[in-house]
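What follows is a set of structures to go through.
One chain, chain A, links the two complexes that follow: it is found with chain B in the first and with chain C in the second.
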Partner chain A sequence: MALLLISPFVAIYGLIFIYPTIKMFMISFTDAPLIGAGDWVGTENYERLGRDRRFNTSLWNTFYFVVLTVVPGTLVALAIALGVSRLNGRLQALVLALFFLPYILPVSVVYRLWDWTLNFQFGIAMHLFDLIGMDRVPVFKVTGWFMPAVAFVTIWWTAGFSILLFLAGLRSIPAEIYEAASLDNSGRLSTFRNITWPLIWPVTALVLTIQLILQMKIFDQVYLFSTGGRANDNLVLVYYVFQRAFQNNQGGRAAAVAVVLFMIVIIISVLNFQLTRLSGNRSK
Partner chain B sequence: MSPVTAKRLNVLGLLITLATVLIAVLWAFPLYWGVISSLKPENETVRPYIELWPETLTFSHYTFALTQTQIGAWYINSLATALGVTVLTVGSSLFCGYAISQLQFPFRRALWWLILASFMVPTQTLIINHFELIASMKLLNSWAGIILPQLIHPVVIIIFKQFFDSVPKEFREAAAMDNASEWRILTRVYIPMNWGVITALSIVTFIWAWNAFLWPFLAVTKTEMMTITVGITQVSDAFGVYYARQLSAAVLAGLPVALAYLVFQRHVTQAITLSAGIKG
Partner chain C sequence: MLRFKSLAAGVCLAASMVTTAALAEETVVWWDFLAGGDGVRMKQMIEDFNAAHEGDITIDATTLEWGLPFYSKVQTSAAVGEAPDIMTYHASRIPLAVEQGILTEITEADRQKMDLSEADYAPSTWDAVTNEGKQYAVPLDTHPIVLYYNKDVLGKAGLLTDDGRPKGLDSREGFTATLKALKEAGITFPLGSVTADGNFMFRTIYSLMGQQDGELMTDGEFLVGDNAVKLQNALDVLQTWTKEGLQSTYTDYPATVALFTSGEAAMMINGVWEVPTMTDLHAQGNLFEWGAVELPVIFDHPSTYADSHAFAIPANKGREMSDAKHDAVLEVMSWISKNSLFWATAGHIPAYGPVTESAEYKAMEPNATYSPLTQNMIFDPKSPLAGIAGPIFDVMSTYFVPTLNGEMDPAEAVKEIKFELNDM
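Let's look at the complex of A and B:
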């Protein structure tokens, strides 16, 4: 009976998870095209990465994107969650829904909305540029603006998720602690520093980790906003895997890039797991 | 606390509340703006000044999208593949999670560790080999081909196992006394007791699958087989550089998930906090 119950899951997992993972490592040592076998080339695909301009761009852009989104996005979400947690009843539900709604939408819709809002000629956001006396910028067509603009849109899109986690964390702080603090005449800032921040820290660490791993794997927004722009300047790791495999038909070389990203994400996850275990032991 | 400081704090508190509401409205403004722009005639969308309400309200872009483009086919593709992903993911995870939680079988611990480990694996890195696999199965440009690689959601099985673990053992023993089969225990005790979390996970799995972009984008080259998230961005000649037209298609693509969220708000937030490892 047990075997019958696990068999669908195990079959699916073997076929679309275990097998492709092993295969990815294997073809990264060959010169295979996207479909079909190739010859063994040893570590050549990996050695090439060091001299590969597009790889360097995509590695650098991925880290840049992580820097632009992870900590700023988490802080924005925490600030919003603190504001939302003060509200009650229907107003809180409504305000939370307004912040959360973008997160539920497909990336294509987010792309269309912001492509329109930030449209160089007709975008409503460009009135803000006019207002502060700045020249309008086609933000998704100019290299220096691209990553910050995509990071901004990404924070707008995904903050709802982090806000939700922070709210769950804030709700679990007992009200008595705040009552005690107000009896002590403790000010708003010192209450935050001495009570809220340390008690919410585990959730903050969780949000930071989830965001870090999520943003390492960025592709969709960067790809969509790059249409008609300078794709080669905007490469991120997954985008580069896609480009090598699907546009240059070099499955082996693409797999080497995929393995690098795979290892980075695994190492971050393991490190994070060990860190949380260490800090968990310390606090006990 | 002196009355003066109390009053000052209340003013500050009121200001923070007002600021929160104001930011929430600004936050949602691009959504409003997208919908409103899609209800304007094209020549009104490109006016050099801001009009928060259309001078002429028109649904013509929606009738155009629904009748002159393949959006109907894309809707059906999205619906079918999202339902397929949901049923297969939730079903297989439910059974397997139950077995790992309640039954004994060889390599049970190994399987559990494998699932926990797979939680860390970035599935985006598997696209090359997914493509080769699906191509060799002759499933490119088909619903099955879109569905299959999207079935890796370890978080679903992890949550199911946790919920089954927390069902008190007495229920199991009582059912076993009545000589109930394992299948009966699962379908009559464990599933009904966890109906809430099953519904919640089904709804978010559906939303994830509806919103999926990267894999459906790779698996489909024929426009009539595209899902709506891929179709509205990849078939530009269907909409041209008509902003309102493009936006109406985007509204149509986002509407089902936005409605699903608004109707099942509680379930969605529960499943999403659970998926982050917080018991909500």
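Let's look at the complex of A and C:
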């Protein structure tokens, strides 16, 4: 009976997750095009990655992007959540709504907004640059500025969700603990360090893990902001998979990159989970 | 029992044949990527077609996102038999489509039914829709890039010839002198260039390579022999203009059009598809006097990069098209080609010869002024890597953007481009 009840789930899970995953591993050992089967080529697709410049670029850019977004994004969200939690009633709801607003925008709208804001000739931000006497920067067309700018936009866009998680965490800390602390003459900083931070740690660990996995799979923003620009300098792993599969018509080589990304995400998530659990135990 | 069953089947078949004969209206499912000013005109043409074929054929049209999204969808939908009956296609994307087996060949019998033949098209256009001697699409137009110019500004600076064209279109020195004279006349950007978009600039740079008889691809290898130098020459000209402050830097597509239409840029290299923008603005009294001519000859002889919008029939896997449907699709292609004079108002040059030879077309301006350039057109190399939004575009764009804006040396850019193209 139990088997019967879980069978719909197992069937769907097998069909849309297990089967494609196995298939991906199998295709990565062939020279298949985007559509249809290919011939077995052994580990050639993987050996090629070592001397593939575009793979190299995309690997480093992905890590760079993770560094630029995961911890900074989490800290920004925590800081905003701490600020919002000090407000009351309607004002709190209003401020929270303002911070959450970008999160409900689709990525295409986010792209349009920032592309125009930072437009080299007509963007509002460029007038700010002029005002403070700085030279205008074509932000999305210069390699040095590209990743930091996309990271900034991503944090602006996605912080709302992390803020919500942090707020829920902050509300679950009993008020009596803070009362006790204030009776003990605990200052604001030490209250944060000894009460808020350790008690909110499980939420922080959760936000970090979600962010990490999400940002490793970055694609949309990078793709949108770099079309027409320096696409091959701005590659990230998922973008490279897309390029190989849909532009170069090389399903096999695309699958090999996808397998590598799959492995990286698994290893890093497990490591991250273990590390946050260990450090969480220690700080308690 | 068995006999009865087959009898019943026979009756059913007969009945269905009668009904199809009675309601022989075919619905042709159509996909295109025409979302701009030309999309509006295409919708008009589809409406006209439906009106002219009432009770016979109806086109059910959908417009999808131009570029990579369109072609990704076409590739995957043809593989599972969900592609439309007819679709617009860029001639430059045909080699990849043929390799993937997603297009149906257009046969001699088809051509006879459509009453269209090779003789009706310019040789380079015809060549662009064929692959190893087989035709895969019916060309609707060619859409090259042209030089737009502000007649008011050039006239005031004394830079127009007697027949109203910009001076100095015949040499690098001549054209640079015109640009410099404009700069001295106080124009911010003598030339508006889409310098922030390397994909777009491929059209200009490839044209300049063509002016030196340069080839991008020779026998499957990229930039062989002195072709690399020719690419470098092309980049060098454009970078020099940037360094001398003669063209706009880091300008994306919409910004370029805005600079030109606002008068800040006196000239602009852009696709013919911007003609309706200018015509409409001018008709509303919001634009100066303007013109459009073939690109200046910077090197040895005139040459302009062009692509072609064509109609193709997808090869739907596991779903054979009925003869009646196939005939309906042929009628769509034939009718639209023969009535493509209206398509010329979108700026594109109709591919069907009798249309461009008609008196009505010759009276259209500025179309008639630039259409002789069809003799000097060059198309993408025939490679699955070529074509709009293809891998070659990405490689080029990555190095064009820094070079055109003066950040990278042309020689270094060419070295990197050659390495990456041959490394694909």
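In this text, the second predicted complex is superposed on the first by the 255 of 284 C-alpha atoms of A that agree within 3 Å, B and C clash if a C-alpha of one lies under 4 Å from a C-alpha of the other, contacts with A are read in each partner's own complex, and residues count from 1 in each chain.
Here is the rule we use: a residue touches a chain if its C-beta (ideal position, glycine included) is under 8 Å from a C-beta of that chain, and two chains touch if they have at least 3 such contacts.
Since we're looking at a predicted model, the values are computed, not measured.
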| item | value |
| --- | --- |
| Clash or fit, chain B versus chain C on superposed chain A | clash |
| Touched chain A residues, chain B compared with chain C | B |
| Touched partner set for A:L101, first chain B, second chain C, both or neither | first |
| Which superposed partner A:I35 touches (first chain B, second chain C, both, neither) | both |
| Chain B versus chain C as contact partner of A:P138, first or second or both or neither | second |
| First, second, both or neither for A:R86, with chain B first and chain C second | first |
| Which superposed partner A:G229 touches (first chain B, second chain C, both, neither) | second |
| Which superposed partner A:F120 touches (first chain B, second chain C, both, neither) | second |
| Which of chain B and chain C A:R53 touches, first, second, both or neither | second |
| First (chain B), second (chain C), both or neither touched by A:Q243 | second |
| Segment of chain C that clashes with chain B, given the candidates 21-29, 75-83 or 273-281 | 75-83 |
| Touching both chain B and chain C, residues of chain A | 34-35, 119, 121-122, 227, 246 |
| Residues of chain C defined as touching chain A within the complex | 68, 71-72, 75-76, 78-79, 96, 99-100, 102, 196-200, 248-253, 255, 258-259, 384-385, 389-391, 394-395, 397-399, 401-402, 405, 407, 420, 423-424 |
| Touch list for chain A against partner chain B, complex | 1-3, 5-6, 8-10, 12-13, 15-17, 19-21, 23-24, 27, 34-35, 80, 83-84, 86-87, 91, 93-95, 97-102, 104-109, 111-114, 116-117, 119, 121-122, 124, 127, 156, 161, 164-165, 168-169, 182, 185, 188, 203, 206, 210, 213, 216-217, 219-220, 224, 227, 238, 241-242, 245-246, 251, 254-255, 258-259, 261-262, 265-266, 269-270 |
| Touch list for chain B against partner chain A, complex | 1, 9, 12-13, 16-17, 19-21, 23-25, 27-28, 30-31, 33-34, 37, 45-46, 50, 88, 91-93, 95-96, 98-100, 103-105, 111, 114, 118, 120-122, 124-133, 135-136, 148-149, 151-152, 157, 182-183, 186, 207, 210-211, 213-214, 218, 228-230, 232-233, 243, 246-247, 249-251, 253-254, 257-258, 260-262, 265, 268-269, 272-273, 276-278, 280 |
| Chain C partner contacts - residues on chain A that touch it in the complex | 33-36, 52-54, 119-122, 138, 141-142, 227-233, 243, 246-249 |
